[in-house]
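In what comes next, subunit A is part of two complexes: it sits with subunit B in the first one and with subunit C in the second one.
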Partner chain A sequence: MIIAQQKSIQDIASMIEDCNKVLLVGCAGCVTVCLAGGEKETEVLAASLRIKRRLENKPLETVTFVATRQCDPEYIETLESYVKDVDAVISLACGVGVQYVAERFSDKWVVPALNTNFIGGSLNHGEWEERCGLCGDCVLHRTGGICPIIRCSKSILNGPCGGSQYGKCEISKDMDCAWQLIYDRMKALGKLDKLMEYQPPKDWSKSRDGGPRRAVREDVMID
Partner chain B sequence: MKTESKLEKVLNSGKFAVTAEIGPPKHASGDGMKHHADMLVDYVDAANITDSQTAIVRISSIAGGVHIKEKGVEPIVQMTCRDRNRIAMQADILGAYSLGMRNLLCLSGDHQKFGNHPTSKNVYDVDSMQLIHLVRRMRDEKLFFSGEEIKENEPRFFVGAVANPFADPFEFRVDRLEKKVEAGAEFIQTQCIFDMERFERFMEMVRERGIDERVHILAGITPMKSWRAAKYIGNNVSGMIVPDALVQRLKNAEDPKREGIEMAIEQINYIKENVKGVHGFHVMAIAWEEVVPEIVERCGLYPRPNVD
Partner chain C sequence: MRLQYASTVRIIEMPCTGTIDHRVLLKTFEDGADGVFVAGCMEGDCHFLKGNIRAKKRVNMVKNILEEIGFGGDRLDFFNLSAAQGQRFAEIVTEMTDRIRELGPTPLNQKEGDTA
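Up next, the complex of A and B:
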């Protein structure tokens, strides 16, 4: 899922300092699961902003709503009646949701409440880790199911570099060396010979480097 | 000979080769590098010019190569994968060759986190393994990285790589060295050796697989100035092992700098006598270039062979 974290109250408040009434829109997708922009976080953020503004003697009126998903136009439509009389919309979705809201309501001031961090999963309750680099050309079958693109600090395909020691990455003793993990797993699987295969330079055009990407499935298109 | 590299000639002559390292400065004058080149010219076969080592901005390795070449020292241009994509790398490869550089050392490069621009983007469009392969392919098959033909004047570099016997996983370090040789590395410079026992185990595995007969391995030697420096490196530089006994010896020494030089000389002499498969020495006297001549001379490696 997409992992996001809320910006500071100060940062969010500064984006709407001239507004008297705002709509806060949560998202029931990824950001609900990672506890950044679901129903609870939306209500807490609205209350926090109201309290802050009251203390500053500039009361703020808030309206809250949680969309099923903000990355789908049909769910953005459900906001229409709430958007009309507010001065701004604060989206608690990932960057995709913010853009969908801004695109649909082009005359509204739309601001992000979250920083969209990465694609990852849960480690413990309240702890998430990046696991996919969205490179568009998965290599996990070559590396024992451990991603060198995003988990190696240098995205090395023929690792590990000389900075790997005691299982840790050169950039931090708290960070596992992805290539140590890959080595251990391939060794356990009896597939170390696979790591001796030279991996050629990657086709990054399938990643962000090819420009903004679009995926098409003609077989499921309606029109 | 496949190239015009003097280093290749020395290595192929069967004699021990000697290389050193000249670190470019954090300013825009090459005078210091020229001064160091004057100092080293009779004592080394070639000298590495580092490529913004530890991710600190310095004079580029190619420009540095021009400075030392002017003083008669053959440059080994270091090229890291950190700062350039494949287009910039090839542009620099062509440019370096056009300026008379004949040796290229391919490496990953230290992460920018350690440098003076920790907020910069890192590139790693290609990795060191791929760079070795593609530079060899430019020479041997006259092809750009993309596979497009180089119609004339292909760059004909003697291609080097690095190996770190002190990084982990230990056994895979020999595999990865072999993979670099398969990719096309013709000479290897190792990380600084302080843990001789581990280096010997590494070389034993190298010899068992006959890798030393397919590539020239130069042992990395670094004289230490103080016990604090030794301890710092052991504790803080990932992929380095500095045994306590070595730190202790420096600590107990009356003149630690002198002791550091003596230890480097002992290491070289020990390897010359006892560790088969080593074809030369890479003396990395970090910010201490002036001690290289004494070390070379006292290890019986002076004068350098005349291969021209």
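Up next, the complex of A and C:
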């Protein structure tokens, strides 16, 4: 999932300081799971902003709504009746959701409440870690299911490097060396020979190259 | 026990402090409470194992929010005490009441023209 974290209330408040009524839109997708922009977080932020503005003698009216997903135009449509009479929309979605809302309601001031951090998963309740570098050319079948692109600090494909000591990366004693993990896993699987196979240079043209990437499935497109 | 404590306190019973949500705490202040304290069971005595520990973390989170927005986190606190500690409850009520009196009425109840 996409992992995001809320900006400071101060920062969000400064984006809407000239507004009297705002719509806060949460997202029931990834940011609900990572506890950054779900129903609860949306209502907590709304209450915090209302209290802050009352203290400043500039009361703020808030409306809250949680879209099923903000990265799908069909769910953005459900916002229409809420958006009409507000001065601004605060989106608690990832950067994608904010852009979809801003694109659909082009005459509205749309601001982000979250910083979108990375693609990752849960380690514990309340702790998440980056696990995918979105390189567009997955190599996990060659590395024992451990991603060297994002879990190696240098993203190298032929590690470990000289900075690996006792299974840890040189950047932090708390960070595992991804290539040590890969080696250990491949050894346990009896597939160390796979690491010796010749690999051509990775095709980075499928990564951040040539502007925004697009994926198409023609068979599911509706004419 | 016939213990005396401030009559300004309104008790809201919850099945467990673990059910207390950040939103409930913020709403009490929006509705005009001068101060709020959450009385949870003693640590290690939670019938639901960790309800009071989780509640304490939530209270601290809301304290941080209140601090960040300029309301002040001192108006909110969490105390551990058992159902058998009536004496301690009265003490906490007195302690919190004194603290809130010192802080004054909630700034959210001030009308236009009021000072401080």
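Here is the rule we use: the second predicted complex is superposed on the first by the 219 of 223 C-alpha atoms of A that agree within 3 Å, B and C clash if a C-alpha of one lies under 4 Å from a C-alpha of the other, contacts with A are read in each partner's own complex, and residues count from 1 in each chain.
Definition applied: a residue touches a chain if its C-beta (ideal position, glycine included) is under 8 Å from a C-beta of that chain, and two chains touch if they have at least 3 such contacts.
Everything numeric here is computed off the predicted structure, so don't read it as measured data.
*Asks:* Pick one for A:V216: touches subunit B only (first), subunit C only (second), both, or neither.
*Replies:* The answer is neither, since A:V216 touches no partner chain.
*Asks:* Kindly classify A:D184 by the partners it touches after superposition: subunit B alone (first), subunit C alone (second), both, or neither?
*Replies:* First partner only.
*Asks:* Considering only the touch criterion stated at the top, classify A:A47 as touching first (subunit B), second (subunit C), both, or neither.
*Replies:* second
*Asks:* Taking the superposition on A as described, I'd like to know which of subunit B and subunit C A:I156 touches: first, second, both or neither.
*Replies:* first
*Asks:* Of subunit B and subunit C, which one touches more of subunit A's residues?
*Replies:* B
*Asks:* Contacts for A:L123 in the overlay, against subunit B (first) and subunit C (second): which applies, first, second, both or neither?
*Replies:* It touches nothing on subunit B or subunit C.
*Asks:* For the complex, which residues does subunit A have touching subunit B?
*Replies:* 153-171, 177, 180, 183-184, 192, 195-196, 198-201, 204
*Asks:* In the complex, go through subunit A and note every residue touching subunit C.
*Replies:* Counting only subunit A, the residues touching subunit C are 8-10, 13, 40, 43-44, 47-52, 54-55, 57.
*Asks:* Please give the residue numbers of subunit C that touch subunit A in the complex, ascending.
*Replies:* Where subunit C meets subunit A, its residues are 21-23, 26-27, 29-30, 65-66, 68-71, 107-108, 112.
*Asks:* For the complex, which residues does subunit B have touching subunit A?
*Replies:* Its residues touching subunit A are 81-82, 86, 107-108, 110-111, 113-114, 122, 124-130, 133-134, 145, 162-164, 166-169, 172, 175-176, 178-179, 182-183, 191, 238-240.
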